[in-house]
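The following pair of complexes shares a single chain, chain A, combined with chain B in the former and chain C in the latter.
Take a look at the complex of A and B:
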């Protein structure tokens, strides 16, 4: 397949659609982000997409994206200037000019924010991200495994408030940023994980934007040709449909600023008579049947409407929905002991150890 | 006695009801001007039942008139879309994702102003009246006739929208204004879209409701007129003039609610077979289960509550191929009374097959005498199998729900549906939509973000519920019949302080004077 070198309006639409799959139930609805990126590209031109191997060793790379409550981001929309302001603030602290931008996560609205930022600054975007999916906290990025610090980082809001955080660990940075985000009105934009071009090859998940684009393209094609969207999604995730059924119960509770919860799905068709439970902390974390854990973080769990093939976010889960549960393997480095220490089941407070998804 | 009227694209259906009993029912063709059709329907209804117009206590109309205006982009007023949000929001301005034809039909006249609130009610910025003043001058100059006001987090705090409305009413006397907090819930773009559409429909709503009232007056009826809304509740005509957008998609809702009444079932699957489609939905507690995805109207994304329907391309007018036993999705639609074989036409429709199979007596049987009876039966079996499979998909509990069959096309299912048990076929099933309009209830919804930290959760929730109940009574419900039908509590992600979003919905019967027996 021909490499994706430029991101224009059509490509953005495909990436946005694909990012709802990689969002694994979290990351927020990319709709607002897509409109933001489309406007930026219409006004400033298409975004150049660079393969990680093309980034010069002495490049100054910033990751950028939003932190906050998805329910707030759909009401208080960005001014569009936040990401640029955040990168300028971080550059001031470091005394260096940013030369390349990358995404913090491939799923949800944060797949779109760096595209808008790249269009507005004219800087190239690296075809990569920090997670290869979506995770709920800011230390849950691949650079953490490489010993790269998230801070100094900048946090800005649409009003122009700018905060710089320098924390002793990436975990500590998460705590400070979370509190500051609430004060900023529950949504904020950050520039963080400043790194050198030479670090990109190992510290980022490569090709995640073109992966999202490929998934979006495949889903659009499936809709056009009236193919089974679920089968197509499974193929694109390099995974499979692990369950199909109806949601019969959804429990949610807020703990420490996060929504944790559980959804129970009762089986249909070949899964008739069985039950599946899905745990989530904004993203889906664990899928369990009577036999035990079927899939768990960091592998990808995606829930989609069985008919339309539309991915469903954890916020939108409702009693009675007819859903397909899909699972796909995570980026290989998350499966290493160091990776699992950051995003494995135990990092989320589970007792069970990680069982890799069998293909 | 109450009259319910459903004005569809093909037929105008009308029923006269005494309490919950259907006294008279009829179908007439929808007229191009809509009003003639309504007048004819009322006239025939009163004549058939020999009821005097003065005995009618209320009339409810369900209509697609406003939906059609948006879909066809005809009859919309030039409208100013004013957003109180800066410095937030400018990254995604108003009408960002609208289809060009609809954008051109209302403007675009886009204004973004300093203002808006945070999720906890703090101002993002103070409302800037100097900016509003410049906008007022521009609106006057450009002869814009309607204004849509949308403020960030106005469903939580409406002060700025109210202040801006007061300002524009003073500066531009007679201008029509819609405020977003009265129209939608949290989710700025969808609420703003609905508000702009509503504002653009205000003129048309006045013309149409005047005409509805005229057609009632011409029929000698002095009773109050109501319009039915998308959630199965009704609104007074004065309210419909201010919120025409809430009539969208009332047709399928009315159909399902009518089916509930006619069958006496509150929890069931409703199959409504019309001329072109078969719509399948689930009634829960007498109200349709709502769709969870975003609903597009005329290509514009909104967050209206719409019934969650599964539509199959099967109806009385569906084209049939006897060779491979296929049915639909193509249909002769409103030309069915002319084009079907049994009515002297030249097109083989599902209705013809039903007559050939002996499922129903309709039209001229001889015209389908050449069709093999077994073959016709096989087509009907195929239809039943497809519908039964779809019903299985919409069922949400392990216990199968009872099934109610309504609509003019229900003749296609003359025997059972495989694997589904008893099928209820209530009398007057063909006009279930008009029955649904006649029995619509009054409803109100409250949508709030609550910070529960350190507060009494029960008390906070009770306050929201009480507000929903108060709103229903204020909208004309009989207080003794009001009940809370829905309470939905969703924690808001990533916020400390135990923040939740609560939605409460209450409904009640319309307060009307005691009815004398027939």
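Take a look at the complex of A and C:
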């Protein structure tokens, strides 16, 4: 695979699409994110993308992105300056200047915010992210496994309110950031997990922006050539289509700064007569059939429009949509006992054991 | 009145008692506060008390105290180090060293925390406070009328979590601090309203610690001499007893970081056959008879044991207590249109107009 070195308008389009696939229903609407990133790149120029191995050991790296309920983020558009303000607030507390930016997760908005922030500040973006997919809570990042603290972290809103949190654990940081986010109107922009360049190699999922770009490009190409986009998506995820059908029920509520709910899909074609239910908390967490759990966090569950292959985020699920449900393996470290302790079924209050998806 | 220059063990006892009278049912349990202040003074020596006029113009003044539901503060004792930690966090953000401490309000715990903090740091305490009584919300301080910002402010808990809030308004600061306080377990210690010495003269209620001391001393003397403590309390408040009776109902719930509720008193002696209801949100806000509102925020409403003259805080109200309800005028600036906008009946969602208590 050719290495991506710069992010311009065309690349942003592909990364947004691919990240939304990796975002497993969360991470916010890709269209909104794209607008922000494209505007920033148009105004400030392309963004330099660095391989994690190219980041100097003494670099000061911040992760940035948004927190809150995706349904609200879509309605309360960030201006694009919030991420810069959040990074400035964090830099002030640390008494250090940020030198490199990274994404916290792969997802529609949260893949785009760091690109916009990099364009606006002229700082390079690292070809990596903290999850290799999207998860709903802020301790659910690879740095947590490395003992890296999420805090000090900053949280800003569009009005100019700024919070700096210094918490005794990443789990405690999630608690404070979540209530502050709700107070900010259910969405906030943050800079967190300040780390050194020397920590990047093990604390981030490498090459996830290139991966998102590759997925987005493959999907666009499949559409262009009128190939089956679902088959292409499955191939790109190194996974498979586990169900196809029509959405017959969506239960969704925005509560405590999350979008939580359940969707029921009734089967079509080879799945005719069967039913699949999908649990979500911003992201899809569990896919269940009558026989039991089919796919579970931390593995990826992606819902896409069966015709166009467009991924559907949890806030965009609607009755009557014809969808394909795809599953793919998560980043290997999430499958270790340490990883499962942070993002496995029990971390979300489920009783079932995690069985790795066979690819 | 002789000026109080030092706060030692005996003075603390008087200030705690007098502040609880001024605390109008809020500000936390005076006994808990006294223990903290006495311990600090025993270990670190007496606290120097400065007249507001003695504070140098370029002094860096912090207000400190606790936030949350008094019922919880009593159960989750602060160690006494939290206020020092909160001031250090605020100083770090400002890049300035605090030189003088002031109380945010008159009230059982919140009059004592600054004394303990002054003893522990060796800094002088200003003979003043931000309210001249206690109010439940953090924008309800005199500095708000002067255009002084509550933030940057720090908020710490006993576990070591620290938040720094920089809000667009003092009202917004209240919102963030409140949800953070709830997340901290419904009580938190804060340092806020950083101001210059030159602002102290107009932004604080002068001599309120001396006033509390005077009230406490008068009550102790009345007890000693077996004089009527209620008459003495009324005299000290420059007010009067408006009702005497037995508490027959207390409705109280800890919600959103406040203790809210209502108490009903059925009359005795000259009030026999009448009923008085008291609304509270940490502090007593409104006293109402069948004829309508008798006393309303921002004027002071104090409930005391009719025999001993011991003030009763809202979390200590119990069925069957024989109480006197006293009223006194608030600090004059709360009676101006600007003051009433911040702490008048409408600021608490009431419809009635404020009629100043006639003394």
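Throughout what follows, the second predicted complex is superposed on the first by the 353 of 359 C-alpha atoms of A that agree within 3 Å, B and C clash if a C-alpha of one lies under 4 Å from a C-alpha of the other, contacts with A are read in each partner's own complex, and residues count from 1 in each chain.
By definition in this document, a residue touches a chain if its C-beta (ideal position, glycine included) is under 8 Å from a C-beta of that chain, and two chains touch if they have at least 3 such contacts.
Only a predicted model underlies this, so the values are computations on that prediction, with no experimental measurement involved.
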| item | value |
| --- | --- |
| First (chain B), second (chain C), both or neither touched by A:221 | neither |
| First (chain B), second (chain C), both or neither touched by A:168 | second |
| Partner chain(s) touched by A:57 [first = chain B, second = chain C, both, neither] | neither |
| Touching partner for A:251 - first (chain B), second (chain C), both, neither | neither |
| Touched partner set for A:176, first chain B, second chain C, both or neither | second |
| Touched partner set for A:318, first chain B, second chain C, both or neither | first |
| Residues of chain A touched, compared between chain B and chain C (which is higher) | B |
| Touching partner for A:67 - first (chain B), second (chain C), both, neither | first |
| First (chain B), second (chain C), both or neither touched by A:160 | both |
| Touching both chain B and chain C, residues of chain A | 159-160, 179, 182 |
| Residues of chain C touching chain A in the complex | 89, 93, 159-168, 172, 175-176, 179-180, 182-183 |
| Chain A residues touching chain B - in the complex, by the definition given at the top | 31-32, 35-36, 38-40, 67-72, 74-81, 116, 136, 158-160, 178-179, 181-182, 185-186, 246, 248, 252-254, 256-259, 266, 282, 305, 307-308, 310, 312, 315-316, 318-322 |
| For the chain B and chain A complex, residues of the former touching the latter | 85-93, 96-97, 116, 118-119, 122, 124-125, 152-153, 186-189, 282, 289, 292-293, 301, 308, 310, 393-398, 449, 490-501 |
